[in-house]
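Below you'll find the structures, each written out as structure tokens.
Both complexes shown next keep chain A, but they swap its partner, so chain B is in the first and chain C is in the second.
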Partner chain A sequence: MKQKIKNKGKSFVEWLKYGDKEIGHLYKGGLASTRREFRGVKDTMVDYVNWLKIWGVMMAFTSKAPYKIARGFFTYRWMPSYLGVPAFVDRNSMGLRGNMLKICHENFRRVVEAGTVYIANMMIADTRFGDGDEELSKKIVLFDEMTMSQIMGGFPNLIGIPYQLMPVFLVSEIDQLICIPYIDAIESFGLPSDTCPVPTSEAGAAVLDAYPLMGSCFIASTMPCDGSVMASSYQERRFKIPTYPLCFPVRYHDEDVLFSGVEDIKGCIKFIEEHTGEKWSWDAYFENMKRYNEELDLEMERWAINKTNYPQIFGSTSALYREFAYQIDGGLDPRTLKTYKKVNAIMEDGYEKRLPITRHHRYRAIVWSCPSHYYANFPSWLSACWGITVLADMEMLNYDKPLNVEDEDEAFKDLARVYSRMVMRKHTNGGYENVLPELWKVVEEYNADIVIMYQHVACKTMVGLQGLFDEQARERGIHLIWVPHDLMDPRTVSRKEMRQSVNRYMEAVMGATPVDPSLVDFDDERTW
Partner chain B sequence: MKDLKHMIYFEKLLENTNNELIEQARSEGKLALGYTCFSMIEVLLNIDKCFSVRLRAPNTGSMDIATYYMSNYTCEFCRAILERCFEGGMNFMDAFCAVDACAMMNRCAENIELLDLVPNEKFFVTHADIPYKVEDFTVRHYAVQMRKRVLNELRDVYGVDTSDEALRDALNRHNELCAIMTEIGDLRKLDNPPITGYEFHVLNLITYCCPQYLIIDKLRETLEEIKNRKPDPKPWYKARVVVVGSEIDDLDLIRLIEETGAFVVADRFCFGSIPGREVIEIDEESDEDLLTQICRHYLEVSECPRFMSSEKVEQRRITVDRLAREYNADGVIYEQIKFCDFWGFERALASHIQAEEYGHPVLSIDRPYSAKSSGQLRTRMQAFVESLEIKKIQKAKEARK
Partner chain C sequence: MSKKYYGGCDVGSTYTKCVIIDEDGKIAADTTMKSKMNAEVSARLAMDETIAKIPELKGPEDLAYLIGTGYGRNKVPFADENISEISCHAMGVHVTNPNVKAIIDIGGQDVKGIAIDRDGTVKNFAMNDKCAAGTGRFYEAMARAFEMSLDEFSRLSLKAKNVIPITAQCTVFAESEVITLVGEGKKMDEIAAGIQMSVAKRCFVMAKKSGATESITLTGGCAKNIGLKEAIEHVLKLKVVELDTDPQLMGALGAAEFARQKASAKEA
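Now for the complex of A and B:
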């Protein structure tokens, strides 16, 4: 009896310290945001304070133009979906404790902060209602969301906005159902249903008039894939502003055609100058790229730590921040560097103390191919349910060389190199060398036990290599778990089906038992 | 109309990828260079001792092995080519000159390369990078790629003469063939033409898929025959259509369209003659070298939807409208092979634009690689032809009023 009481007392103390062992009950039924995970007293406080900070960022954003932003909520269907941001951060921090929890919040808060600035500028400049801020609108250069931001480093007085980022791309990670109306609209128009949901949704959003109207010009791009090339003609037709097609070599490792990328960058800069009246500033560009290089150094530190036996960052927390810093921010905002420094300090502390990355870490994993947007937090589930820690993601392992900040000719070349290697171009351009032998190299570098191989069913570049991946993994004895998805359309493959792919492999092939059995099977088809 | 003298022979040649003329050319020491895309410059593949073979996979049945390697979500043309390689049907190739113009064909080429599917000792696959717009620097880009990835590879691996003289010779031969095909093709503009769309398609495919030097005599003869051919007193067709879209190498598809009463007056699709069979004009006074001028021509005339700059997008729409007017077409058929991203997007938008802004009746279809057994396709074609007929009757009635 005494022992029983003692045990109960002990487990109560442990509960207070470490929180819930099983969290599946949070994801059963309606919206997950109505209940919060208990992570132990200390970490719950950390989580709660950061949760409030996220709301703080969002409230601060609405105060910039309360009327226009409120109007946007009733005009654009994607705007209310951003109320799901705190729930999105919750999903990405499921099961996290200690340092990793802090890192997760730091990274996501910076991304949310940047996103709110984009939305605020879009709402203030929106000319749809006749009261858009025309001065601001003239200063805005719209970019295809798949285009990098570094060029804007040379135009300090202009504002670059990745046009489809907020109405389509980012929101699809927050609300899994948001792209469905876009997809349905464009398919009703006649587009085949087998195309990638990214360009499909972008074109659908144009047809549904989901983009606020603004900007002096638009930079379209061929990036990353054939579908994106084609979506441009739909968007250009809708946007009705001067458009520059930025087109980089497909075989970008071939330095013999680097000049083509350089000439295109020069053409793009000239186009922006012509349509905004602003002049390109090398001083401003170099200053911004110095910051970009500093961020890159810190990113390399992260990669180095993760290759050791004591990794300190994992999953979407790591990948999404890298993609944000690399492509969307591009060294332009000092706050991104600040967050890098803060997070790296936490990581270094954890590494020095040899802290385990999570309390239930069992397997080291790499995720390869394009991840699902509607299940951006899939790595968090992998960790919480099976103890699979995703140490690197294909999309974050892009250009790792610093950009030249001294010589103008060399700087142009580096710009062409980095633009050619934007996020998602690794698996869509440049040949199989980028993804097939590269995967085995990364597996070795990170000493990975498992490869989570996303099978984006509509990505015709990656599925074109599926047989070779399968064969070569077998030859090497690598555990390669295929996880099908349809990027932005959860109707094709649901989150539950994605989880089942892993569950089946872990049970049947690995003979493993889940670290949290309550997360093996649950319904979340109607949640954010 | 009386049957064309060589038609059955030509049809027979198209029954297999590796036909008797390819075998004959190889036995004469020529090099067979496979390719699949307009962007791989055909002229270059006929230089010196080389001859071009635009790859197709007639009589494709199961594509199970290719589907394992490339999934069932990829273009059937790409999978059919890969499957045919697994079957050994492409073993005649000395090189596969691929372009990185569409992702799926690129992956097809990579599978052929990595799985070592063509057992010829010196066989190689080359991947050329194709620009997305036409500017001076992209022309240079294209020329650099063609020189490095095609001509230099051929020179280094097979000792092919890639000099300007050899290139000019290849160009002259190409232009001679194109002049014949253009003359034949122009006859389709007549109200009661001495050639059908199907016959033209066969002749055109022959020029793409056989060693050109072995068929040029028969083509010349066929041109004379068609010029002197007596058409039936009344035109055989119910409506005239322009076919626009992705690759058609399937004789049965054009046959199916014409069986429903539509005369295919213009072939604006991959493997068609517009563009592809126009004479390449060279400016002897230009500062640009011969290769660059040829590259510029290909970029400028290309109607591939992957060219994304506004002027090229506009060019494609204007071309379709121009063809419809020039060839006096009653309607336009936009077709797309299933899973083709470029033509999937282009078809959906351009078909609306042609109908709503240019006023052409449009049929928009997607189709499998082998179309002959598609009852659904036949029904849609029939319905379209009937609608065009009704429009013509109504127009005639209004004119009488």
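Now for the complex of A and C:
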């Protein structure tokens, strides 16, 4: 009896210290989780304070233009989905404790903060209702969301907005169901249903008139595939503003084609000058890119720490922030650097103390190929359920050289280099060596046991290499787990089916037992 | 009870199989029966029937350890634990013939290629569970189109002198393609050979993806399809290893073997 009481007391103290052991039941059923995860007294406090801060950021956003933002909620179907931001952060911090929990909140809060600024500017400038701020609208240069923002560093008086980011791209990571109407709309116009859901959704959003109307001009880009050509043509017809297509050479490693990229950059700058009346400023550009370079140094430090036996950051927390800083922010906002510094200080502290990244860390993993938007927190689940720690993601491993900030000619060349290696382009363009041998190099550098191989069912670019991936992984004795998904359409492959691919491999091949059995199988088809 | 027995219950989408083995790993009793709509009912009926074949046993609780497997493995109420059918098929084949290195498992609703390690664990696997193409359901549809039993259909292709290729992968489209060919007066055995070849090619993909290259056997209900076995041998360009035990029982046998190992480990 005494022993029983002692054991109960001990497990209660453990619960107070470390929190819930099984959390699967929190994530099934309705839109949000049934309740917030209890992470032990200390970490629950950290989590709760940060949860309040996220709401604070969202409240501050609504106060920027209360009427126009409220109107946006009733006009644009994607706007209410942003109420799911706190739930999104919850999913990405699933099972986290200690330093990693703090890092997760810091990174995501910065991304949310930047997102709210974009939405606020979009709502204020929106000319749809006849009361849009025309002065602001003229200052806005719209970008394809795959396009880097660095060019805007030379136009300090203009505002660059990745146009599809908020209505389609980012919101699809927050609300898994949001792109379904877009996809259905464009397919009803005759688009084949096996087209990649990114350009499909973007074109569908144009058909459904989901974009606020604004901007002086639009910069389109060559995304990794031909689907973007279709999306750009639909969008140009809807946007009705001058468009400049950035078309970088595919074989970007070849320095002989660099001049073509440089000409494209120069052409783009000239185009922006012509349509906005603003002049390119080298001083402003260099100042912004110094900050970008500083961020890059800190990113390199993160990669270096993660290659050691004591990694300190993982999953979407790491990948999404890198993609945001590299592509969306591009060194333009000092707050991004501030967050980098804060997070790296936490990481350094953890590394010096040799802290394990999570209590349940078992396997070191790399994720490769294009990740699913509707399951952006898949790495959090991998960690919480099976102890698989995703140390690097293909999409975050982009251009890792600093940009020239002294010489104008060299700076143009560096801009062309970084733009050629934009997210989703660096590995899928320029020859198979950028995606296949590159993977084995990364696996070796990070000393990974497992590769989570995303199998985007609508991506024709990667399909041709599947057999080679299998064969070469076998030769190297690497565990390659294929996880099929359809990027933005959860109807094709559900989150549950994605998990099932990993569950089967872990049980049958690895002979593993889950860290949290309640997360192996649960129903989340209706959740955000 | 002097002897100890261990059970494996494989609740498949079409058939439910139960195997009980003794302490030496020898099969003491087995049952194969059509699955009911309710997986739990299927498991109970099949296990009751198997237990009835061993007079010393009164019910599942008399088994030293019992493992559930198959798509309905979570619905085996009397199981001590459950293990994926991929692992169980590998173990079942391994205890039947340790020289076999790979399996093509063609079940009622999926096709799997499984590469086996030296100790009977799974080295790698690949599976198609997204559509009915090349599964038992596919054969049921084809036999229906031919107005034959599955057994008759499986032997039909053996007589064919030519193979009429079936281009559709999807069960529904393949069925209409077959009906069209029959309507055109094409030879039934040659159409059947085309069907067997199309399934064999699908199996080849699974086997290749899982890394299975040598010493392959077939498991699952479709392993009894002689025409398919011949087509697979033709496509893979090797002789399929025949098992001494019913290939449909491999999942349940593997589960029973796991039960035996786990019980021994616990006792130790």
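Heads up, the rule we're going with is that the second predicted complex is superposed on the first by the 525 of 528 C-alpha atoms of A that agree within 3 Å, B and C clash if a C-alpha of one lies under 4 Å from a C-alpha of the other, contacts with A are read in each partner's own complex, and residues count from 1 in each chain.
Throughout what follows, a contact is a pair of C-beta atoms (placed from the backbone, for glycine too) under 8 Å apart; a residue touches a chain by one contact, two chains touch by 3 or more.
Because the structure is a prediction, the values reported are computed rather than measured.
A.B. asks: Let's test your reading of the overlay: on chain A, do chain B and chain C clash or fit side by side?
C.D. replies: Superposition result for chain B and chain C: fit.
A.B. asks: Please indicate which partner A:406 is in contact with in the superposed arrangement: first for chain B, second for chain C, both, or neither.
C.D. replies: Touch status of A:406: no partner.
A.B. asks: In the overlaid three-chain picture, which partner chain does A:352 touch, first (chain B) or second (chain C), both, or neither?
C.D. replies: In the superposed model, A:352 contacts neither chain B nor chain C.
A.B. asks: Using the superposition described at the top, determine whether chain B or chain C touches more residues of chain A.
C.D. replies: B
A.B. asks: Thinking of the overlay built on chain A, is A:474 touched by chain B (first), by chain C (second), by both, or by neither?
C.D. replies: In the superposition, A:474 touches chain C alone.
A.B. asks: Here's one for you: vertex at chain A, rays to chain B and chain C, all C-alpha centres; what's the angle to the nearest 10 degrees?
C.D. replies: The three centres form an angle at chain A of 70 degrees.
A.B. asks: Working from the superposed arrangement, determine the closest approach of chain B to chain C, counting only CA atoms, in whole Å.
C.D. replies: Minimum C-alpha separation, chain B to chain C, in the superposed model is 6 Å.
A.B. asks: Residue overlap on chain A between the chain B contact set and the chain C contact set?
C.D. replies: 467
A.B. asks: Would you mind writing out the residues of chain A in touch with chain B in their complex?
C.D. replies: 186, 189-192, 194-196, 199, 203, 220, 222, 225-227, 229-234, 236-237, 243, 245, 247, 249-251, 254, 256-257, 259-260, 263-264, 267, 428-429, 431-432, 436, 457-458, 460-461, 463-468
A.B. asks: Note which residues of chain A are touching chain C in the complex, please.
C.D. replies: Going through chain A, the ones touching chain C are 467, 470, 474, 504-505, 507-509, 511.
A.B. asks: Inside the complex, what are the residues of chain C that reach chain A?
C.D. replies: Touching chain A: residues 83-84, 86-87, 90, 121-125, 127, 208-209, 211 of chain C.
A.B. asks: Residues of chain B touching chain A in their complex?
C.D. replies: 68-71, 73-75, 78, 100-104, 106-108, 110-111, 114-115, 127-133, 135, 137-138, 140-141, 144-145, 148, 305-306, 308-310, 313, 336, 338-339, 341-342, 344-349, 351-352, 364, 366
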